């Protein structure tokens, strides 16, 4: 069977140098727009302002690339990279960064050796129809409060989409 | 008119802390799969082997993240990062890397100061329906040959998709 | 009132261990707020949208730290770091990045070896009363267009502050 | 034949400037080819697909340099660097990365401070005749499952070479 397949490949190459094994399909995925990201950020900001928490709010797309960012007055400068890192980590590992923080706290210290990981609560993936379309990362308050702000932003998504 | 809007916002916040400015939509975009990437790489490899060019072939997705990679026997080790860098640069700047090389050659030396840019011919975006869904980066032969290999891979896409 | 305070300080130092060579004053500097940065960005965005230029707009404070950021739909991913780099460079060197690009183009290639410099037109300092309070960096269109967008944002400042 | 060559070399050194203290031999080492690496990866992929584990599979040569790479659909983006890091670490330290993870878990936290080490289970050296010829790194499932996939790939080597 295998040698027959090889023979056929040999014959095929007489006519064409490359013949695909079989037809394949591309995938289709939903994607964030700036307009949607701004409204997610506004909902997150509203939660932060209501509680007087001075934070950085970063929103990345499904590739982990920055889409929207705002630093509320009084937020620590150090929160700039942390908020972005949390958002990127949530996308890269397809889960809230709290899960990674819990993993480390639970004893899996080796995670600390992986570069480009911010395993700190406060980064939450944005899901749409089961697909991760980006993430919100927040830093500046306690990590629980940071996550609460990120979640408030994400929870506004159905309203934003009018669904 | 503006103060009326402000008043309404004031009233609205009595009932809800966040009310979106208006309903917004997500975008939808096609996405590479590993199966498609492998066939693009096979077509590129075929072109390289036919010409006895020992190269590295890297394929990244629309976020610039590595999806598929193969180093043909005899390809220079230095081509690993160059092939990946070309593919990422083609996605990041939405054009073949030859355009960036021409820009530098044409006198715009400042491009050399931008980090994360590999402005060397041999990286080509993969387009589908006008959308960039990834890129192929090739390194190891001359830059013209590298691009020829990448293009051979991308030109197989319609056949791969059965269209 | 001020001299009374100084007098009291003078009296106090009779009893204190450290007495400075002479009384000194701290400086006062105007500083961007997020609210002002958002309005500068909105004016810049308006200029970009009017011309159908898909760009990244980044605003940094007087320390070069990111304050506000938005990536318009369709803007190249590569523009994320470039826009931020332009804004930071404009603050770091206290001039529009065009001046640095002209320096390189004029033959001073050594600037390309200085780390953390993006000597590409499109970064413009935000001045208030002769003081640099931050900068706007734009990337995604031609560099002239990028600068035009950044300038449109900055030119809105008097109107923003006059409200 | 070999001793004749040595004799000629010996004669030649009478006239040459440099004469070594004693005749020395180069070593010979077995080396991975892309064809073999692809089949190792195919065996690993088969194990992953059978278990519906979406992972990244990276194969490096004896210098730790990337030879072959594939990211299965649905694998986390964060696994790209982790899979590569595991493969490189297995080659660099001549052992499965599980041994390094056990070292850290056992209290040797200082390993976390060594740059370029990914001490996380899932990287396994490829041995041939007692020599390390490369490594497989897998990431995306649990670390035990990652290692199971890598091992399945490596276990196919005798069959691959027996063809």
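Letters are used for the chains, namely A, B, C and D, taken in the order the chains are written, and counting of residues starts over at 1 for each.
Note that in this section contacts are C-beta pairs under 8 Å (C-beta built on N, C-alpha and C of every residue); 3 or more make two chains touch, one makes a residue touch a chain.
Every value quoted in this text rests on a predicted model; they were computed, and no experiment measured them.
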* Hey, which one of A-C, B-C or A-B is the same interface as B-D, over half the contact pairs lining up? -> A-C
* Structure fact -> Between chain A and chain C, the Cα-mean centres are separated in Å by 29
* **Centre-of-Cα separation between chain D and chain A, whole angstrom** => 31
* If you average the Cα atoms of chain C and of chain D to get two centres, how far apart are those centres in Å? -> 48
* Structure fact -> Among all residues of chain D, those touching at least two other chains are 73, 77
* Asked: So how do the chains connect up here, line, ring, star, complete, or something else (other)?
  -> other
* Every chain pair in contact, whichever chains are involved -> A-B, A-C, A-D, B-C, B-D
* To do: State the interface residues of chain D toward chain A in the complex, per the touch definition above.
  => 73, 76-78, 81-82, 85, 101, 104-105, 109, 111-112, 117-120
* Okay, in this complex, where on chain A does chain C touch? -> 33-35, 38, 63, 65-73, 77, 80
* Asked: Considering the complex alone, what residue numbers of chain B touch chain A?
  -> 17-21, 23-33, 35-36, 39, 42-43, 46-47, 50, 61-65, 128, 133, 152, 156, 159-162
* To do: Can you check the complex and tell me which residues of chain B touch chain C?
  => 27, 63-64, 89, 91-94, 107, 109-117
